[in-house]
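Written below as structure tokens is the structure these notes are about.
Letters A, B and C mark the chains as written, and numbering starts fresh at 1 in each.
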């Protein structure tokens, strides 16, 4: 009976810790603290996949700390300045020392090349693993729904075309 | 003493499950999975009331699975395409097998007739009932604060007038 | 062993109650229920600091119920009408009867002088204290990232300059 209580308590704690991890990710990305982000939030073998639905691949897929750091410093930080991004609608499923979640994200930012206000939104599909007692991203897949200058809004052009002018 | 622990644990689990239900609703509505939405998220006798503050009634009030499905397929899916909507600021009160909650929602969408970007926001006032161990909406009342083309923003016209041109 | 369970359960309940407090704050501010807000959400000696990064001080720093009430009725309610504001990305740390949290906020509102749609975002850095069994704000520090007419977006002018025309 005590075991049942402990199991349920642990599950609630896991869900809290995964939500904290999702929040911490936003703080560290928006503050440009990429070394800390990669070292504390991702497993050694983590994989990030941020392709948009039209599917430009490299360099939007990265595996391992070194490539993930290069993705954040070389792509995210270059395309989007003054980012403010938030996660919503978390759905979380924990199974022992692994977990999965899907949630929405929204962001505002400044496009450094044009000075435009950028709005974006999409969904994260995540996998997590407990490492040394702490939950980390093993996979973060972003399905970008839209990302474009505010003046264009969210109906016209997908991510890279809007930001790079392609 | 054990009973006290079990009661408090159950309450925390209920709150988690209600938040998951609120999130699931957004995923299923935005993905147009209305059959699944109605079958799994609403009690048989559920009631949806989405009147705006100016109060056009029919067809914005629906009762029971059949009417609720007709509301989503015949009104929501017609007025708003590519919807992306999120819930925030959840306040939840559980009492045994019933519960109530209020929260904010925000959405972006595309107006199919004009191609305009639409922004909307409001509050949900919900009642829930536990059915076969799972929480479901018994009532979802939307108080729409604004819903209009992005270019108009949120100060001018309320819902239907903005979207239908009335 | 039972003590360990009770301690962990209490921590989860504390986190829930602090999230409810953050949500309640949004409801009461947006509904203009400032007397209730101050009386139920803030400790007697609470301090609010809403300076923007450029640092105009008075009257954006208030201490104690009387000054905080004056801040909400004399500044917030004057600068921003029809406010709709939401909190996101909560990070919460509880230690006994005190706690701290950081989170993001976003808001939309109407600028009463010009009729403009206003968009704003920033972060709250909070300290809480448990008073008579209920969590309250002991400090709420807002770091405003942007707050400006929608047509200007979030890249041009900070808070007061945008809203007051300075």
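Just so it is clear, a contact is a pair of C-beta atoms (placed from the backbone, for glycine too) under 8 Å apart; a residue touches a chain by one contact, two chains touch by 3 or more.
Because the structure is a prediction, the values reported are computed rather than measured.
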**Q.** Common touching chains of chain C and chain A
**A.** B
Q: Can you grab the rotation angle between chain A and chain B? Superpose on CA, round to the nearest 5°.
A: 120
Q.
Quick check on chain B against chain C: do more than half of the interface residue numbers occur in both copies, making it same, or fewer, making it different?
A. different
Q) Centre to centre, by mean C-alpha position, how many angstrom separate chain B and chain C? A) 26
**Q.** For chain C, residues contacting two or more additional chains
**A.** 5, 9, 12, 88
Q: Over in the complex, which chain B residues touch chain A? Could you list them?
A: 2, 5-6, 9, 12-13, 16, 19-20, 22-24, 26-27, 82, 84, 86-88, 108, 110, 115-117, 150
Q: Quick one: which bits of chain B touch chain C in the complex? Just the residue numbers, please.
A: 1, 5, 8-9, 12, 15, 88-92, 102-104, 106, 121, 145-146, 153-155
